[in-house]
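Each of the two complexes below includes chain A, the first together with chain B, the second together with chain C.
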Partner chain A sequence: MIPAAPPPEQRRDLLRQWAGTPVTALVSALSAALAVWVASAVLDWALVSAVSPLRPMEACAEAAGACWRFYVEKSRFMLFGTYPYAEHWRPALVSVLLLALSGMVGLRITGRLGGVGPRVLLALWVLVIPLVFALMGGGWSGLAPVDMSRWNGMPVLLILSVIAIALAFPLGVALAVLRYQGRWPVLRRVAVVYIEAMRGVPMVTVLFVGVFVLPLTLPPGTRISPVMATLIALIFFHASYFAEDVRGGLQSLPASQTEAAASLGLSWGQTMRLVLLPQALSRSLPALVNSVIGAYKDTSLVVVLGIHDLTSTARMAFSEPGWGQYALEAYAFVGMWFLLSCAFLSWVGRDLHRQQSARSR
Partner chain B sequence: MTTSKILMSLTASALALAAAPALAGPVMDDIKAKDSLICLVSATAPGFSVPDSQGVFQGFNADFCRMAAAAILGDATKADIRGVGFSDSMKTIVAGEAHMGSRSITQTGTRDADEGMAFVVTTFFDGQGFMVPSALGVQSAAELDKANICAEDGSTTLLNIADWFAAKGMTYRVENIADKTARLEAFFSGKCDVYASDVTALTADRQLAPTPGDYVILPEVISAEPLTLVARPDQALEATLFWAFQVMLNADAHGVTSANVDDIVADLAQKPADVQRLFGTDAATTDMAAKLGLPQDWAYQVVKQVGSYGEVFERHLGTGTPFGLDRASTLNAHVADGGLMYPYPIR
Partner chain C sequence: MQHSPPPAARKPPDRLGTVVVALILLALAVLGANIWLNMRGAGVTPGFGFLAQTAGFDLSENLIPYAAKDSYARAILAGLLNTVLLALAGLVLATVVGVLMGLVSVSPSPAGRVVALLYVELFRNLPKILVLLVLYVLAVRGLPPVREALSLGPFHLSNRSIYMPMFEPDPSQIWLLLPLVAGALAAFWWGRRARRIKWETGRELPVMPVAVALLLGLPMAFALLADVPLVPTIPAFERFDFAGGARLSVQFLVVLLTLGLYHGAQIAEVVRGGILAVPTGQVEAARALGLTPRHVTRFVVLPQVLRIVIPPMINQYVNLIKNTSVAIVVGYSDLMSVSGTIINQTFRPLEMMLITMALYLGLSLLASSVMNRLNEALRARSARSAP
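Let's turn to the complex of A and B:
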């Protein structure tokens, strides 16, 4: 005999939720109409009026929709730009390494990658960052040297976002600790001045200083490539924002934590390392993820310095004579990439928020 | 280091210097040692230098990088063409990290007076002009008093406009829009009456209008923009660039192209003396090759692998391209057709 089932949970009354009052009904109808219109326009562009990638480029001339053949022709260019064609496996490997490592960090901080400890991740970063530059630059064990002006597209976007963020993070934590502590007032002042100055200046200004003023400080005749100059400027810029996020975490800790650590006989360094920072970092994670999303998207600003990241190679793809009509396809490619990567980042952020509010409940 | 060691190394370097050919300079030696010629171009100049789907730079300016590689190394594909921003390309050349630049740099007196960079030969004569909607009925730039002009902020374009309008005693208003696409959009939608830029750029930009026939380019050219190749100072390299370009002009004048050069060389004895001097085995060019340290057949390689000047112009900017420039109507026509392209004698 089938046992009597318990009464089901109350069913969500969709109709009441979406059209309970005339106002909600109107808003629902309007947004549904808008969604249908947008979806049909996108579908029409991407599929119905589109030209199949199997047909030649000439077929695209009259088409109203997407020209998929454009992606067959130009995807590799948009991803790797003017990097020597035969060596494309190197930027491809670099991109995969950086994306995999960023993905691992994202999964780890949401608690999904239990097997990989922070020490392993740290070791991977220390290994991967020099490897990225060695692979891109070449000049060892038979790899052809490739000048930095040929580092374009996806790997440059990732170097200037992922590596800049990864290197800015420890600097940011150090600045936050310096600003938080009271033992060395001079260092505290220095940290305050640095953080406030960096945060008080627009990113474009910092970038221009990095590319046009930093080289002036070098001995004459030497030259720092724009990619490296920008990377250095971005590290110093992002660090100040990360510092403020971490300081927020430190200041939210009750004073009793420090006192308890002191009563256990822990030194200042031990208190910071074992008691305060671990708690502060986990509290500031959501804010840090926010800053990371902002930093990642701002990376495209480097176009103004003549560095050819993904957005810039996409523009170059349709500035070749005769390709001018395919700007929409090129921008759709870049837009899709940023949509997907930022969706991952904001999923990490939302997951952290959810976990935190569950913990505090 | 002890004194004897210093003396030894000095002697060694003196010997190395003595062993090198008399004329070949350090930059030329560097190109040969690397077996690659580093040439800087603009990364986004449609028609002049823009990468194709394989990431290889194509265009009018890029072909002069290939000309240099074909002349010096005998192989146009040995040109390492890099897309670099304007100010960075100057710094790169001065710092000695590139051999030459082919990127529409206007040769000016003060730029030439700067150390570390030598202007070699003008590959393209340009000048600043005005484009207006034909509906305005304007025939000459002298009728542009009180006009609303779209131009790029901070460029020499604005300085030229200021000089020219002041000299004519006319007033104008500038619509400052930094982004080129937005600036053109403003002009085509009627936000400004006049669009000012280099004449070649105007010709290319007019193609982007909904109906290009609705716009006319006024006859006045208000500035001189000789777009010139630059090199790291080195007498042999500069001479090679200059004369390789003259080979392309001479080939142009005698109708020699990459397509027919093999036939012409096969039947050289029947050709005019000027052509024989270009491609002959004991001709002026072979004499130059020995003195400059170039391959014997450098002139043939330039024409075979890159083409004549007219061929390069037609390939990237001519009537068969989206830019549709009619070479005969520009300053870059052969001198016999009223242009400024004057082939120097190779003998």
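Let's turn to the complex of A and C:
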């Protein structure tokens, strides 16, 4: 007997998808209208009415759309601000170093880049962080010294995000362990109060404390630059968020792990270091990546304190008299950068999620 | 033979903890001494006495009467109220946007899904400060000057403010809170009664209309009977600006829109996750039992979605309250920007930051404890009605 042919594949009923019910039809119509409106406005601004970067700045005067020549004139200023022009290779090198190192960490935690062990990465961090400050500050072997008030733009954004996150992470893990353990109840309570208080106030208030109160706590006569003060404030702030992510990982571990470690004769420190933390950290990675994205985006809040990160130099670029009409171009520059860099971070997060759900299945 | 249970192990005293806390206190004392020395060096004595002094600066807008001659304490209160107003409006807007976009993102319409996806991805990958700055530029550039304000009936929108009708303010209006609270309590009692009657007899009583009538009607009746003045004023254009009515600055609108769009995207993701987490079998089973689509949503899907969605929602709401502080970037007079101004004027960062952080901490703890309690109540109720 001839087996019956399989039924033909179900036809995708377009009408049913777009307008199966009156509500669906309404949603489709409104969404399509919104999409067309936004897309046409953006396209008109960015392409149709825009002035190409090849034409001189004067051509932009009566254009209704974007003036892409602005980037030719101002992108170096937006990237490095008032850093001495002849020394721009230093902030550029610093940015590349920090980006490369962050990229390596991202690739490593998703299981790529197998050749680079955690020890190598740690050594690189220990090497790169002082190098960043040395390169930016100068004052050694012929490098002209540059005051921190002239550190601007991209390197400041990266120092205040990448380095703050990198240094907040160990502090966060320590806080998580303190809050999780029951051996030292007093310390546990200290960790709880610290974490909850930090998470209960806006980041802006912590930044204000860093820039205005922290200098007051130093012995009279000592000074601290706003960038350093902000960096310290950010480290203490982000640590409380990382602590909660890691604690989530610790709490998800079954008690049998601790019991098995104890029956093997491991000490408390060994149990933490060899048994609990490695598992907890890998479980909390997706949550940590989310927190990192949030921390990275929120770094631009330093605008409030007059610290010139990328968003702030973009604002400076159109604040000079005569450039005020190019605000949107400048912000588009910053927006593109954040979309790009956050896309990488989101990809890391999604990849980790996929790996974890594959493992738990 | 029976073993008696072993005595509970005695916990050793936490010596390390005590030592660490002592060290922390010592460090704080050193820092405090430095603060004292530094402030004395600048000719300022630490303390909160300055709160009674004249503030001397104006606010962009205020909900309570405030003028530059009022005290710093009153300026802080006005800023706090502005923050609360912004937070409440932001919660409503973000919830509406988020739930709507969350629903659209799971709708069968491909156009709707694409739009929702792009919206969520865009706002999740941009800093809120950048969104705020761009919207501010667009508003200041795109909206017409006051002379050519966009008008819709008694509402007018210019690049400075939105103008709307309001009641003439009067001190005695504070008494209207009384019937409002009474109305809320009565509406609550009616809702419980209606549920009990439905449970016992199956008879459905109207709940929403009665609640609305109570909440609006009681204050109205009270105003009429007790002669509380409620004189409506409508904004009208005079020589340079609108007069009468109430106004909200364009700064407020821009921050509100930023918070609504930014947290709307996060809430949309939460809602989407909650809906997708309800197994399709549930819907199919309910349909097979003969429930109408509306009843499937109301009695099968919604209760399960709420259960999943509420805890992360509470998280979002608390974040939104904290994020109102970005208003300082565009100069809306919220708590943070008032306190920034006072710090610049008085050089008292320590006292002002203690006050500001305590107020924000209080707001977010209050909000999270109220919402968590509501959530517990909701859970307890659904556990009782579905044994």
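Here are some notes:
Convention: the second predicted complex is superposed on the first by the 318 of 361 C-alpha atoms of A that agree within 3 Å, B and C clash if a C-alpha of one lies under 4 Å from a C-alpha of the other, contacts with A are read in each partner's own complex, and residues count from 1 in each chain.
Keep this in mind: contacts are C-beta pairs under 8 Å (C-beta built on N, C-alpha and C of every residue); 3 or more make two chains touch, one makes a residue touch a chain.
Every value quoted in this text rests on a predicted model; they were computed, and no experiment measured them.
With both structures placed on the common chain, the touch criterion links A:L218 to chain C but leaves chain B unconnected.
Look at A:K74: by the touch rule set out above, it reaches chain B but stays clear of chain C. Once the two complexes are overlaid on the shared chain, A:R315 sits against chain B and chain C alike. Among chain B and chain C, the chain that touches a larger number of residues in chain A is C.
Of the two partner chains placed by the overlay, only chain B lies in contact with A:D147; chain C stays clear of it. When the two structures are aligned on the shared chain, A:Y83 is found in touch with chain B, with no touch to chain C.
In the superposition on the C-alpha atoms of chain A, the part of chain A touched by chain B in one complex and by chain C in the other spans residues 212, 215, 315. The touching residues of chain B, counted against chain A in their complex, run 38, 43-44, 46-47, 50-58, 80, 82-88, 91-92, 95-97, 208, 316, 321-323. Of all residues in chain A, those touching chain C in their complex are 16-20, 23-25, 27-28, 30-32, 34-35, 183-188, 190, 197, 200-205, 208-209, 212-213, 215-220, 293, 297-301, 303-304, 311, 315, 327-328, 331, 334-335, 338-339, 342-343, 346.
The part of chain A that touches chain B in the complex is made up of residues 73-74, 76-77, 80-85, 147, 149-150, 152, 212, 215, 221-223, 226, 305-306, 308, 315-317, 319-322, 324. Those residues of chain C whose C-beta lies close enough to touch chain A in the complex are 11, 14, 16-18, 20-21, 24, 31-32, 34-35, 37-39, 41, 104, 107-112, 114-116, 122, 124-130, 133-134, 137-138, 322-326, 328-329, 336, 339-340, 343, 349-350, 353, 356-357, 360-361, 364-365.
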